[in-house]
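Let me give you the structure first, and then I'll get to my questions.
Chain naming follows the written order as A, B, C and D, and within any one chain the residues start at number 1.
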């Protein structure tokens, strides 16, 4: 279990290898990578800036991760979330869930993303190609996605 | 869309980067990696050998992949399956699904694995620590997992 | 009671500050009380803190409901719904 | 009709061969007919091909049901349920 908030990029293979190194009890590793898209609601973007709440971010990500471990038999997990200004195509977030079996790994990774999106104190500001900045609105669909997993 | 059957290992980051390179329409990449576990039903394993049906394997994996693209709006996908003799801890299979949105990527990767497991002509033979070889039985749970997705 | 307030995203931008330290009267007992007290300070504060259904709060780095008591809090943050991931 | 038969995994091991070419009588019309015809050849074939609910078949590299016609097939494979992934 580990969470990291960083401005640097991450390497999926490297992070996955660190979780599985020297172990033979892991049969399934699911990774989710979120990337900055170049078009948002029809507007071309030049950048995405991520602000966060230092301290609470790490605490909340750790709570989300602990919740996943309480719900599924996970051998290992990782959450990395980037902050700062990112270009379209750049990596934003990496979630990894490792388990003996694939369904636990899939469900836990899916859960981690749903909960991260509704709990972790990050805020996205889009900069359009013409230089206009606007804060991204929270999506009702994200709240519904998180609600799929029931009360915690 | 691509499928590969190979004895060599694979690199998740490299394969993921090849799918997303130069694109800004992908917001979500889900990867599934299956690994050889060191213990199977209480028996310590020294190796896992994967046999396949050359020609049909590639054809069937391509059909499974096409089915995923028909069901979800995927920007890209990849299936790599290793064959030959692998040690505990080694990578066996890599599935990647890339989409604009995360739920399509999660569901498609999950679907690809379920269908691959019940359709692609691979057979696993376990070699126990004492040198005894035994073919792995198909799991009823894999059939049920594939049936979750309904008729195709 | 003296407490540090932190602001993020467009709450921070609209208020024009990142944080401040305020001393509260004893009548301010909950997050909702605090928002009402802050809203009464200026038109700018009113514009932000009257949006009770929108603005979220955290007490000492844990999400807090409007009805939650703020007694003993060292740090209270206000921000829009989160949009990470 | 002449067709190439391929065997995999424990089917291959039990039969002791990887493939063979057989010439079939006209009465062998379906996958199930073919399995019955093969099972009648020897005790070893009987042991494998009588397991109708277990052994799977593919015609020209596509999964085939027992009732499926084999007319025109170039290559028919028999194997246990798949266990990849």
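Heads up, the rule we're going with is that a contact is a pair of C-beta atoms (placed from the backbone, for glycine too) under 8 Å apart; a residue touches a chain by one contact, two chains touch by 3 or more.
Since the model is a prediction, treat every value here as computed from it, not as a measurement.
Removal of chain A from consideration leaves the following touching groups: B, D | C. Chain centres here are Cα means. That of chain B falls 48 Å from that of chain C.
Chain A and chain C have Cα centroids lying 26 Å from one another. Taking each chain's centre as the mean of its C-alpha atoms, chain C lies 73 Å from chain D.
In chain B, the residues touching two or more other chains are 34, 102, 113.
Listed for chain C are residues 85, each touching two or more other chains. All chain pairs that count as touching, in label order, are A-B, A-C, B-D. Across the complex, chain B meets chain D through its residues 34, 50-53, 55-56, 59-60, 81, 92-93, 113, 116-125, 135-139, 142.
Chain C makes touch with chain A in their complex at residues 6, 8-10, 58, 61-63, 77, 79-85.
On the chain A side of its complex with chain B, the touching residues are 11-14, 16, 20, 22-39, 88-89, 100, 102-103, 105-106, 109-110, 113, 145.
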